[in-house]
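Several structures are given next for inspection.
Each of the two complexes below includes chain A, the first together with chain B, the second together with chain C.
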Partner chain A sequence: MKFIDWLDERLAIRQLMKVMLLEYYVPKNINFLWSFGVLIMLVLIILIVSGIFLLMYYKPDANLAFDSVNKTIMMDVEFGWLFRHVHAVGASIMFLVLFIHMGRGIYYGSFKPPRELVWLTGYFLFILMAATAFTGYLLPWGQMSYWAAQTITTLFEKIPVIGPDLVIWIRGNYIVADATLTRFFALHVVFLPLLLIFVTVVHLYAVRIVGSNNEDGIEIPKEEKKKKGIPFWPVFMSKEFFVMSVFLIFFFWLVFYKFDFAMDPINFTPANYLQTPPHIYPEWYFLAFYEVLRGFFFSQNLGLIAFVLSMLLPMFLPWIDKSPIKSGNHRPLFKIAFWIFVLDFIFLTVLGKLPPTGLYGWLGFVGSLVFFAFFIALPIISRIERKELERGGNKQ
Partner chain B sequence: MAEDEKVSRRDFLLYAMGGWAAIGVGATLYAMYKTWEPLPEVKAQATVKFKLSEVQPGELRVVAWRGKPVFILRKTPDMVSCPDRTIEKEFTVVVGICTHLGCIPNWEADKKIWHCPCHGGEYDACGRNIFGPPPKPLAIPPFKIEGDYIVLGEVGPEYQRLMKG
Partner chain C sequence: MKDLKILAIISILVIITYIGIEPFAKHEMHGTVPPPDYNYLDLPKKELTGNPEQGKVLFKQNCASCHSVQADGISATMDKQTAQLSFKVVPPDLSNIASIIEPHFFAAFVKDPQSATKFPKFAMPGMSYLTDEQIGHIYSYLKSVAKPQEKLTGKDILHDACTRCHSVKYQKIKAQTDPKYLNDYLGKVPPDLSLMGKAKEEEYLATFISNPQVMLPGTSMPRLGLKQESAEKVIAYLDNIADPHKEERNKLGLWVLGYLVVLAGLTYAWKRKIWSNLH
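Right after this comes the complex of A and B.
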């Protein structure tokens, strides 16, 4: 008896492979944007592996953290610098591939029935990833780490009634201090990754049930899946390996030559609770949301509400955009709104790094309004499209 | 059936187990919640006692309170007056964190102002913003007067009066 048969008798491994890979069909009418899901898995694995190696020398203590990163790991540990740069660049690139993956989902209507749970679990993964990045950013205990944590935790102060006490509870001190560092460490290396992996499994399971969307957004009936699709393994993955290779060239080019973009110079000064750096800003992937927070420069409370909304609104897309037409390819009005939204997101990201004064303040305000305008426009566009369909004209 | 009204043995076991589990989960969550509270040594720093008469007229003292610098300035008659921000008739007590972006302003004794090194904001001897980007005066920390001492971090009647005025 071969080993595989022995395993199959005990774990039904063949059946599992069939369902997960061999008889899981991916549509033929998809483009390279559909390869980003696997790229996210790749980056996640890179982050977990590099993280484990950083963990072997990192010290989660306010007195030791900074040196354990900037001296021990960067100077003393052989190839320690490599693992740090891989981890930092990996975190940054994770958001790039996430944004593209999510943008693909929005454009081609992959959040629409029957894929609402794919979208919801995916969006939850995005929030978890943001939390992981935020908690991880505190760990090197540099000035930017410290003041980013200080600023973001201060936001909770604005929550009515419980706010001020909640902030102290989150920090375990009146300011960000050792207690904060150690609990962020626990969240970053155990709790959040565990949750991330669990939700990823649910996300992938959900995709196995409903299948991938495609460029035209027309569902393939179950019986035609085999004819109109390609098996995930080995056909889809053989293409994916090519994409992964190209991606890794880009990734390691960043790691070896352009790692600076993920290493803020201000963060090479140890955290000092008595001195704020003159200009605090988050990493690039939070800048758009940060700009929405600052965009309502005339009212802090309004800015905070807008910030929370900007993070949560996209989650409800399946119920905001109820147009019967799925793919953006067949929705001329949606196409315009979508690209304005994408440009606005980039615009906000650029603006987020600039000081929020004078003209920039106003531009930020306008940019924030455009961000929300997308979510207001979607129900209207859906209605127009529904009416057009009912009149029988302009199908697809 | 008469038995419909009664709780069956199975229901009873279900409720008993469910209730017991809920108590267990509740207790566990409470314990988890409590672990995140500031440690006793941190809470001990929540209030700071400082002897006001130690400060000479015209002198500025900086006291660390909850990780923040608190400026205690004993004003002289030639400095600006502001009854609504003055404690014990002659003291300015403010949190030394610029209301613009959180930098720590420096006291310039010759000009009798606080000057923020980050963006040039200025505050008078009462801690009121008089120039530059700061949107509001330096905050007055909660305090209580105990004879000669000021206790930072506790709310006393004098503080409440200042906040109302």
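Right after this comes the complex of A and C.
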């Protein structure tokens, strides 16, 4: 008791607890999709902790990296294999929970006012996470690490004027080589995680200020928050802990018994710049975007533009979808578009791994068009909804 | 209830994606692996019988210039360095070879190694002048000195059949031949086998080892005529060294999952308690 008082005098700890936990009310009409933010944080912590352990034995040198991972960590170090599996599965699952978190945001219109900054900081986190995963994937220095990095960095070559120089600047060499490995290492273990943590804090702060959205997308006025909501601590978090422990069962089942999907067999062959593997593909979470790139198989430049657009368009959702109705629960047309988009994303993900020849090439093209159709449909759907609202008065 | 419905939808989408990017994509990329052929049906089936004493003599005359049989105290006339200079590969010790490879493969191999191994540049000269009877003697001699198949481990077989070309560096096994000669001979340095058990599926390994040309047409790895038991032991060994913590992992996994199930029960009870006080 005494110590709490002592701290309170210096750090206003009681006030902080009140604001952050005890008097922070979460709406009642939310489902477990609202647990995914916390799940992301859990996975982020898992990644950081396992990453630190890996860092103790990893050697960022083109001659040593492969063996330091596959021999030292996987075979010699006590429980090294566990930390590597946790880290690799964690990275994969991070994107699963991120996609669900983002899909929730899109479906329930959580990106709309007043949550534009929550969305933007969130999207920035997604880009950062993608960069972290991409740089991290090079570190084991296997064949797929190498050739995925080689292929993706080559994309920058197409940028007008500065392209070719930019590629060399990124790689630190004419091809992906030791210099690339070392700089990706620096980005992956220091710069990107620091930025991730910082932006996460901003993201959470923004959520705390505007409050959580809910299933119906109808904002609860400040005065009613206490009545219509549940306190973050302990009520909301008690459910959260349960969701977390169920999630951990799934996560560690993957880690111990089903880790193969996060460890491409081709990556157990050391990087060899003279030998291109027959199939080069990124990790599954980039496949959809990669397929948009390949979808425009008749023009590399068009493909590249489409690729960049596909990565960036969702960021502008608050300005693309300006319908006054927030939640997809109350938007029949949007619902259809949303589910087509989700299925198309899965379709693109699967196609992204298949050889882009014959029929698959054309399907990729169609899938890419459907991807963009979603973003074209949204303003139109918003218009229709706005008109209907005006005509039907305050039915909503 | 609603939460369970959402969970069901997510699970279905995840499973569809998983099937698409794992089994389906793999099948589309690599096709189905044909079953291995350990019977070497393209070679004539033969019973090899003979007299070990006569075989030993014949062996000394025809084979011992290149091959040793350490089990019987025979060393090759040619030392390793000369051998790898002349053949670009060190001829293997043949102490256990009769337990490792199929007899009818052996018979066809001695007469015409290039076609038996399906590798036109195979370094051992064919001895078509030997009669089936003489080969039977040599075989029964080799059989008489060899450890029985049951006593051979995967590692022994690997040592006699593979490591003249392949290294297994995580097991501190260096290829008996210097890589620079192998490169001249085979057009490339054969890959290290330390992680092969993870880099390739078991079915792939079985089919590849029994007949490399099926999986990599034109490859310079020779067909070696391994018996099914030999190949299976080698593959099990490769799997084992590539994933040495499998047992530990499976055991620890149960403990961790058990602990987490208990944790989930406790957190559920706590949640129930807190939420039942809500109105």
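Basically, the second predicted complex is superposed on the first by the 393 of 396 C-alpha atoms of A that agree within 3 Å, B and C clash if a C-alpha of one lies under 4 Å from a C-alpha of the other, contacts with A are read in each partner's own complex, and residues count from 1 in each chain.
The rule we apply is simple: a residue touches a chain if its C-beta (ideal position, glycine included) is under 8 Å from a C-beta of that chain, and two chains touch if they have at least 3 such contacts.
In this text the structure is predicted, and so the values were computed from the model without any measurement.
Colleague: Evaluate whether chain B and chain C can sit on chain A together after superposition, giving fit or clash.
Modeller: Superposition result for chain B and chain C: fit.
Colleague: Does chain B (first) or chain C (second) touch A:Arg183, or do both, or does neither?
Modeller: Touch status of A:Arg183: first partner only.
Colleague: Please indicate which partner A:Asn301 is in contact with in the superposed arrangement: first for chain B, second for chain C, both, or neither.
Modeller: Neither partner.
Colleague: In the superposed arrangement, does A:Ile280 touch chain B (first), chain C (second), both or neither?
Modeller: After superposing on A, A:Ile280 lies in contact with chain B but is clear of chain C.
Colleague: Contacts for A:Phe242 in the overlay, against chain B (first) and chain C (second): which applies, first, second, both or neither?
Modeller: second
Colleague: Given the touch rule stated above, what does A:Ile170 touch, chain B (first), chain C (second), both, or neither?
Modeller: first
Colleague: Which partner does A:Asn63 contact after superposing on A: first (chain B), second (chain C), both, neither?
Modeller: neither
Colleague: Going by the contact rule set out at the top, does A:Phe261 touch chain B (first), chain C (second), both, or neither?
Modeller: second
Colleague: Return first, second, both or neither, reflecting whether A:Val342 touches chain B, chain C, both chains, or no partner chain.
Modeller: After superposing on A, A:Val342 lies in contact with chain C but is clear of chain B.
Colleague: Once both structures are overlaid on their shared chain, how near does any Cα of chain B get to a Cα of chain C? Whole angstrom is fine.
Modeller: Taking the overlay as described at the top, chain B lies 9 Å from chain C at its nearest C-alpha.
Colleague: Kindly list the residues of chain A that each of chain B and chain C touches, one partner per complex.
Modeller: Correct list for chain A: 278.
Colleague: Where on chain A does chain B make contact in their complex?
Modeller: It comes out as residues 147, 150, 168-175, 177, 179, 183, 273-276, 278, 280.
Colleague: Which bits of chain A are touching chain C when the two form their complex?
Modeller: Touch residues, chain A against chain C: 31-33, 70-71, 74-75, 81-82, 96, 100, 230, 234-235, 238-239, 241-242, 244-246, 248-249, 252-253, 255-257, 260-261, 263, 265-266, 268-269, 278-279, 284, 287, 342, 346, 349-350, 352-355.
Colleague: Taking the touch rule as given, give the residues of chain C at its contact with chain A in the complex, in rising order.
Modeller: 2-3, 6-7, 10, 13-14, 16-18, 20-22, 24-25, 28-29, 170, 191, 194-195, 198-201, 242, 244-245, 249-250, 252-253, 256-257, 260-261, 263-264, 267-268, 270-271, 274-275, 278
Colleague: Please output the residues of chain B touching chain A within their complex, sorted ascending.
Modeller: 33, 36-39, 42, 45-46, 66-69, 101-104, 118-119
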